[in-house]
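This is the structure, below, for whatever I ask next.
Per-chain residue numbering starts at 1, and chain names A, B, C and D are given in the order in which the chains are listed.
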Amino acid sequence: MSAVHSLWMEAAGANTASIPAPKIEYGQLSPMLIVFGAALLGILVEAFLPRRRRYGVQVALALTGLIGSFVAVVVLAADGYGTTKSGLLAMGSVALDGPALFLQGVILLAAVVSVLMYAERRLDARVEGVASDAFTAQGAATPGGEQERQATKAGFASTEVYPLTLFAVGGMLLFPAANDLLTMFVALEVFSLPLYLLCALARRRRLLSQEAAVKYFLLGSFASAFFLFGTALLYGYAGTVRLPEIADVISGVAPSTPALANSTQNDALLLIGLAMLAVGLFFKVGAVPFHSWTPDVYQGAPTPVTGFMAAATKVAAFGALLRLFYVAFPGLRWDWRPVMWGVAILTMVVGAILAVTQQDVKRLLAYSSIAHAGFILTGVIATNRQGLGAVLFYLLSYSFVTLGAFAVVTLVRDSKGEATHLSSWAGLGRRSPLVAAVFALFLLAFAGIPLTSGFTGKFAVFQAAAAGGATPLVIVGVLSSAVAAFFYIRVIVLMFFSDPQPGGPAVAVPSVFTGTAIAVGVLVTVGLGVLPQYFLDLASKASMFVR
Amino acid sequence: MSYLLTATCAVPAAGAVLTAALPAGSTEARRRTTKLTALTVSAVTLALAALAAARFKPGGARYQLTESYSWIRSFGISFSLGVDGIGAVLVLLTAVLVPIVMLASWHDADPAPAPDGTSDSATFEGRRRTQGFFALILAVEAMVIVSFLATDVFLFYVFFEAMLIPMYFLIGGFGDRAGGPEAARQRSYAAVKFLLYNLLGGLVMLAAVIGLYVIAQQQGQATFDLQSLTSAIADGKLVIDPTAERALFLGFFFAFAVKAPLWPLHTWLPNAMGESTAGTAVLITAVVDKVGTFAMLRFCLGLFPDASKFFAPAILVLSVIGIIYGALLAVGQKDIKRLIAYASISHFGFIIMGIFAMTSQGQSGATLYMVNHGISTAAWLLVAGFLISRRGSRLIADYGGVQKVAPVLAGTFLIGGLATLSLPGLAPFVSEFLVLVGTFSRYPVIGVIATFGIVLAALYALVLYQRTMTGPVRDGVRGMADLKVRELAVVTPLVALTIFLGVYPKPLTDLVNPAVNDTLSQVHRTDPAPAHPVAGPAGGEQK
Amino acid sequence: MNSLIPLLVAAPLAGAALLLLGGRALDRFGHWLGTFAAALSFVFGLVLFFSMLGRSAAQRPVQEHLFSWVPVNGFQADVSFQLDQLSVTFVLLITGVGTLIHLYSVGYMAHDERRRRFFGYLNLFLAAMLLLVLADNYLLLYVGWEGVGLASYLLIGFWQHKPSAATAAKKAFLVNRVGDVGLSIAIMLMFTDFGNVTFNGVFGAADQASKSQLTAIGLMLLLAACGKSAQVPLQSWLGDAMEGPTPVSALIHAATMVTAGVYLITRSGAIFNLAPQAQTAVVCVGAVTLLFGAIVGCAKDDIKKALAGSTMSQIGYMILAAGLGPIGYVFAIMHLVTHGFFKAGLFLGAGSVMHGMDDEVNMRHYGGLRKLMPITFVTFGLGYLAIIGFPGLSGFFSKDKIIEAAFAKGGTEGWILGAVTLIGAAVTAFYMTRVMILTFFGEKRWQPDAEGHQPHPHESPATMTTPMIVLAFGSVFAGGLLAFNSSFLKWLEPITGHSEGNSPLSSTVVTLLTMACMLAGVGLAYAVYGRSPVPVTPPVGSVLTRAARRDLLQDDFNHAVLVRPGSALAAALVYFDSKGLDGFVNGLAATIGGISSRLRRVQNGYVRSYALSMFGGTLVLVATTLLMRSV
Amino acid sequence: MNPVNYLYLAALLFTIGASGVLIRRNAIVLFMCVELMLNASNLALVTFSRLHGNLDGQIIAFFTMVVAAAEVVVGLAIIVSIFRTRHSASVDDSNLMKL
């Protein structure tokens, strides 16, 4: 930012001849650029290609963009940008370091799997003779109206979900890499806005979908406003929005602007600003008491989108949270840790307890994601390198478990679409043992049973927290894990040991897309459970923020 | 480095996968293939276990045949296996019991006739039922063996926890078809209860495992290797302050006490054993629960010697309560399998008491007790299972006069009962007496109270026999067939072992004693010296 | 030669194993196989006995070590035998009487389809009993101790289809188990005190131990003896044990097993001698039981239960004698041996009567049998004379010695004990005379059985009468033989020790007193039962009679004090387990569920309230952050 | 005028906006309240920019305006579509999903 700023100052000095062009490291920013480029291409496709061909092209484009971006991430990481060559890009507003690359990789993989789920067109019954995916034929049409019927009949599809998703992914890639508060805010909005729209585009139960969108949007922008106001206050405190510089001001290395330095309000600005920034991020990660949108939105959104949100949003938001607290506020540890303790404990306990009485599988997973946010927060609180690595690993493992779980949810269907009420899952294990077994595996991973990725992640996080002196948190975490286990097991019991209801849901046979998504989920879940060393190393190598 | 131990765990694990992958089908031939495959795998496992036990040299190092492979370097975790005398006998117990359990459960996983008279073999589940059952048993076997062999705390923990899952499906998925229409609900309740209790225990232990690692890490011992940890503790390289040590001890102990189970954490056991098939119940009480008591001996005492000593009196009180309480509840039961379950709770009280009496008699006795209880309870329970499968009822009141129509069944049932009440000459007596004498020499009052448990044991065992087997022949019992060849093949080795180990337990004590002495030296305890030792060579031809 | 010792046990054990596992193929000759095993053991016993006779007293005890049984560091127990004068006495009694009773059973059980198994159990009993008396350490003794308990359990409950038999068997085992607790604790005490459980080790170190330790061990051994030998307060099982087949009652519940307590106390004399308080307790138990059994014996109409009361009483004599210490040990064992003969004979006679009377046991339904069963009458009669202490017969010598020893205890104690034993002698004479008169004299009071068949009493077959005759010889001559030249005293003295004590009365006076008491008892019985017809239905009787018929209310006492509170406790605990412990856990789960449903209400679906929670959360966050700084 | 007063104003506006979100039912009004909060932030940024004497705050304000505009586009689209379905813009009507 200050680069831009200095640009202005010099312009003011009428020294136009020597305006230096901002230095942009295109190669190192390529992951984001590829995704945004693909998104723009996607819009062009929407504009110029006939409807019938859009689906195929969009899917291919999205996958290509995401995989290309992932390759870029891998290349950058292999070049050592995650470790030795990490640094700041785009005049210091974007960081290129281990956590950024790691999380970008995770986000991209999660996005690939999500796009596979988007592309699934075989699950739903053929409506009007046309293959249909999870998204409404025409978002603008009134639910149940004539227009919608016609659009469906005509075989319309909301192929705009692909570019929307790509934009969201782009924002998410930027979010954990953002090195100043403005970039962070912009990235937040860039990935939030497409998500609001995506939520509204469910094919079935559109009322719920729209309600989810409106709730998400209103609450999300409410939270953004807090984030922005926090940014303003911090700017007021430090005179800069760049995270390392804020840290310098806090630690007294660089004195703050004299205008405010003597003010008694000084620390209040800092602390209130910090709290408000935290609110914005806590909202995104779904921490209590900023979680209330989660169950409603998860339930209402189209399931592939829910999966995408649950995985990628959480990764991006935790990335930003980590960067904020590790880069900008390490000096304020003693101020924010108690608050974080409270939030983490509340999140774990409330998430677990509320899940106990849920009757809808998507809401159940939503509450489970809240509880998991609490577990991850314990790793954030550790404020040591171990904690950082542990959180990175946890995010990796969690996103694939949750994606896989939501992918399975899309398979269980009755005449009205997905059968998400738990009662209709009764006896699933007797009808489709394979699907039930896979879902059980994901549930066990959520519950943190050894030999699944969930256990390794939980162990890593708790271990880091304990090493960081947060033993009580570990104990609360363990106890709420026990409560959480109760409802995961309840679902398993329901699937395997209850008699199927007559006329209950059937398990649709997925196409290769969802099949791949689930398979990847299973593979990662088991792989990270049994042989996690490589990824632990990766996470541990990546666990150093550039300043 | 030999691969023997890895093979001993890997064979059943691979067997589980293989069995599960066998072609599904409802035909008798397909099922038989499945069963024979599983049985063969378990027999091979037994051979490997026997080989390992034979290679073990009682006079040598504490852990032998060790293997170690790096697993999760980041946390100092390795896949380390090693066998000591205690582990060896328990692995043998497991390897012996599993094929017997399979043979006993031969038809337990056949497709059940649906209520409307049709067989459920039409459904997918019905077709895979047999594969599932036998694969789960093998999976449990593999995990239990790893737990007994693990010399890495984390490795142990992982399998200690993971074995809950196949057990859970065994309990919840396969019942003894004797519970009436409520059975399915009861069974899933039992399975959930089993899992939740044990999971809670496991999670608490997880906290302690983490705590241990963190403390070790802070002192430069970032490892989960049991031997490194214990030697570091012994050498004072690893110093855990008393409060932390006690907390960690409680974390470990809680998990083991749930699993074992120790009063008052026992209430899951009667449900789990009552609702599952007899074979599964044997797996629970004779094999899986032993991991809990085994772990107390190896991990609680080895890692937290001072805390173990600190809590020993309290634990002894709980265990003696368990002995009396379990026996009294067994007396009050109406259900055969629940009765046996409460009897087991009483026996686990003895085992835990023996461990925490911290005498060589107590601990050797406790280890023997684990083996003997496994064998004798298996015999008792499996015969009870045969009985129940004939009549279709678990209620004691539904039986009477069985000895008249099925004398061999009644006779073996009596032997099982006599073993349970620790009749001298049968294996459990030796171990029970050692536990009692070991406890008595340090805690006389507790020893005396526990001794009265043997009266109650006689009461429940004989009352059960009297009510079911003697008296006039009841209507539902008339025409009951005696034991078949397969069933005899199940019972005979168990009875033979019960008698053999009662008369000649020396092969086991020779294996166990050095490991127990080592454990005792870890906790810095020596046996209380007799008040007036007999001068000269005491008794017989001992060294 | 010593290698024969294990064979003593092995022969009947092998017999038992063969018979129990052998299957139906053995049905035809299994009983002979069993008898042969017993006889073989008897022969081994004789061989060993004579070889022992050939050695000097100091060299008579021999040890035979088989293998190390339970080796755990300080605790060592071996399978190892010790044969000395005391154990060889028992070996001969056990195998001798045992063989006779096997023989008797061949006839008695001829019509039982499970006869093979019966012989298997009998052999098992012999093996266990021999193990008991041959063990050289307490732990191995314990194996035999419980082994005979098992055999007793199996044989009492042999007719398992009868619920009463099954109950009686269970009761016997349970009550014995209470005694076994005593033995267990005694062994543990020995281990903690001496670090050793062998006879030699313990006895050798006993004098170093404190008196309280020895007293504790002694009392625990007494508890064990009470259980096995049916002494007060653990006497209640013996009467019920008569549910078993009569040969069993003769062998186990009269001649051998029930005397194991006497063996135990005598064997542990080295401990008791140093623990006078424990000895006093032994004497008291013996004295009380002596009278208790005798009184019960007077009131029973069931012939076997009357004899059981008598057994209890006679063992009371032995226990009393054993409690007297070196004064009495030898006579306790001597009475044990003679009692083994005449009581076994009496039981076999009773069995013979029952055999002839279609298993009728009520003596009021007998009468006038002496002519129809002459052999039974004569052998039974000789046994009767022996037990009441008719001069010259076995019982006379042994019982008289015990009464003398009781007086010889000295002081008030001696007088009391002497009086008790004398009263006992009188009462013994009374109830035994009653049995004789009711069974063999008077008019026929036979009753038809349930199907209306009149009984046709007849003499028993030779397999049954032969053992009765042999035992009758024993009843007549054994006492004299043992007393002659104090041969038995000299035989046992090296093991048990002996002292004369100082009786205030000369032995002649004691003998005369005993005679007088006996005659009084016989006379009284004749006056009551012999001179007027005996009513078929028992008269109501006095309070004491009614109490005695109910075994002096022992069952009622046990029921009220132990059984009922016990079952109430069990029931209460069952309730506590499901409602208390499980209830607590379920309650915890329900509480979490309740909190969950209550918390769910916050999630009311309204955006504004969600926003409110966020806003409130923000305020709290801000406030806490600020507060943390100011603190 | 002391520029700090603008900060007070900004805080006031932010609070008003937040209260509006809590109180009002109409989705559009709610959304406008959010916009008010964003603009309060803008005011604060600009003020701080003035206080610090650097232009960063002002530039951020521009960015914010763009973002707010984008938010309007998305927000209105969603609100309009739900209005067409329900014929109501009251957020209290949207509570199909709860508990």
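Here is the rule we go by: contacts are C-beta pairs under 8 Å (C-beta built on N, C-alpha and C of every residue); 3 or more make two chains touch, one makes a residue touch a chain.
As the structure is a prediction and not an experimental result, all values here were calculated from the model.
Peer 1: What is the identifier of the chain with the smallest separation between its Cα mean and the overall Cα mean?
Peer 2: So the chain sitting closest to the middle is B.
Peer 1: Of the other chains, whose C-alpha centre is the longest way from the centre of chain D?
Peer 2: Of all the other chains, the one whose centre lies farthest from chain D is C.
Peer 1: For this structure, which two chains share the highest number of contact pairs?
Peer 2: Contact tally peaks for the chain pair B-C.
Peer 1: CA centre of chain C versus CA centre of chain D: separation in Å?
Peer 2: The mean C-alpha positions of chain C and chain D differ by 96 Å.
Peer 1: Quick one: report the Å distance separating chain B from chain C, using the average Cα coordinate of each chain.
Peer 2: Centres of chain B and chain C (C-alpha means) sit 37 Å apart.
Peer 1: Which whole number of Å gives the spacing of the CA centres of chain A and chain C?
Peer 2: A distance of 79 Å separates the two centres.
Peer 1: Which whole number of Å gives the spacing of the CA centres of chain B and chain D?
Peer 2: 65
Peer 1: Considering chain C alone, which of its residues make contact with at least two other chains?
Peer 2: Correct list: 600, 603, 605, 607, 611.
Peer 1: Using the touch definition from the top, which residues of chain A touch two or more other chains?
Peer 2: 214-215, 218, 222, 226, 295-296, 486
Peer 1: Mark out which residues of chain B touch at least two other chains, giving numbers and ranges.
Peer 2: Not one residue in chain B touches at least two other chains.
Peer 1: Taking all chains into account, which pairs touch?
Peer 2: Final set of chain pairs in contact is A-B, A-C, A-D, B-C, C-D.
Peer 1: For chain A, which residues count as touching chain B in their complex?
Peer 2: So the residues of chain A touching chain B come out as 389, 429-433, 444, 447-451, 455-456, 458-460, 462-463, 466-467, 471, 474-475, 478-479, 481-482, 485-486, 489-490, 492-493, 496-499, 531-533, 536-537, 540.
Peer 1: Along chain C, where are the residues that touch chain A in the complex?
Peer 2: 589, 592-593, 595-597, 599-600, 602-603, 605, 607, 609-611, 613-614, 616-618, 620-622, 624-626, 628-629
Peer 1: Given the complex with chain C, which residues does chain B contribute to the contact?
Peer 2: 197, 264, 267, 325, 328-329, 331-333, 360-361, 364-365, 401, 403-404, 411, 418, 421, 423-425, 429-430, 433-434, 436-438, 440-441, 444, 447-448, 451-452, 454-455, 458-459, 462-463, 466, 469-473, 503-506, 509-510, 513, 517, 527-535, 538-542
Peer 1: Which positions of chain D touch chain A when the two form their complex?
Peer 2: By the definition above, chain D touches chain A via 7, 10, 14, 17-18, 21, 27, 30-31, 34, 37-38, 40-42, 44-45, 47-49, 51-57, 59-60, 63-64, 67, 70-71, 74-75, 77-79, 81-82, 84-86, 91, 94-98.
Peer 1: Which residues of chain C touch chain D in the complex?
Peer 2: Against chain D, the touching part of chain C is residues 600-601, 603-608, 611-612, 615.
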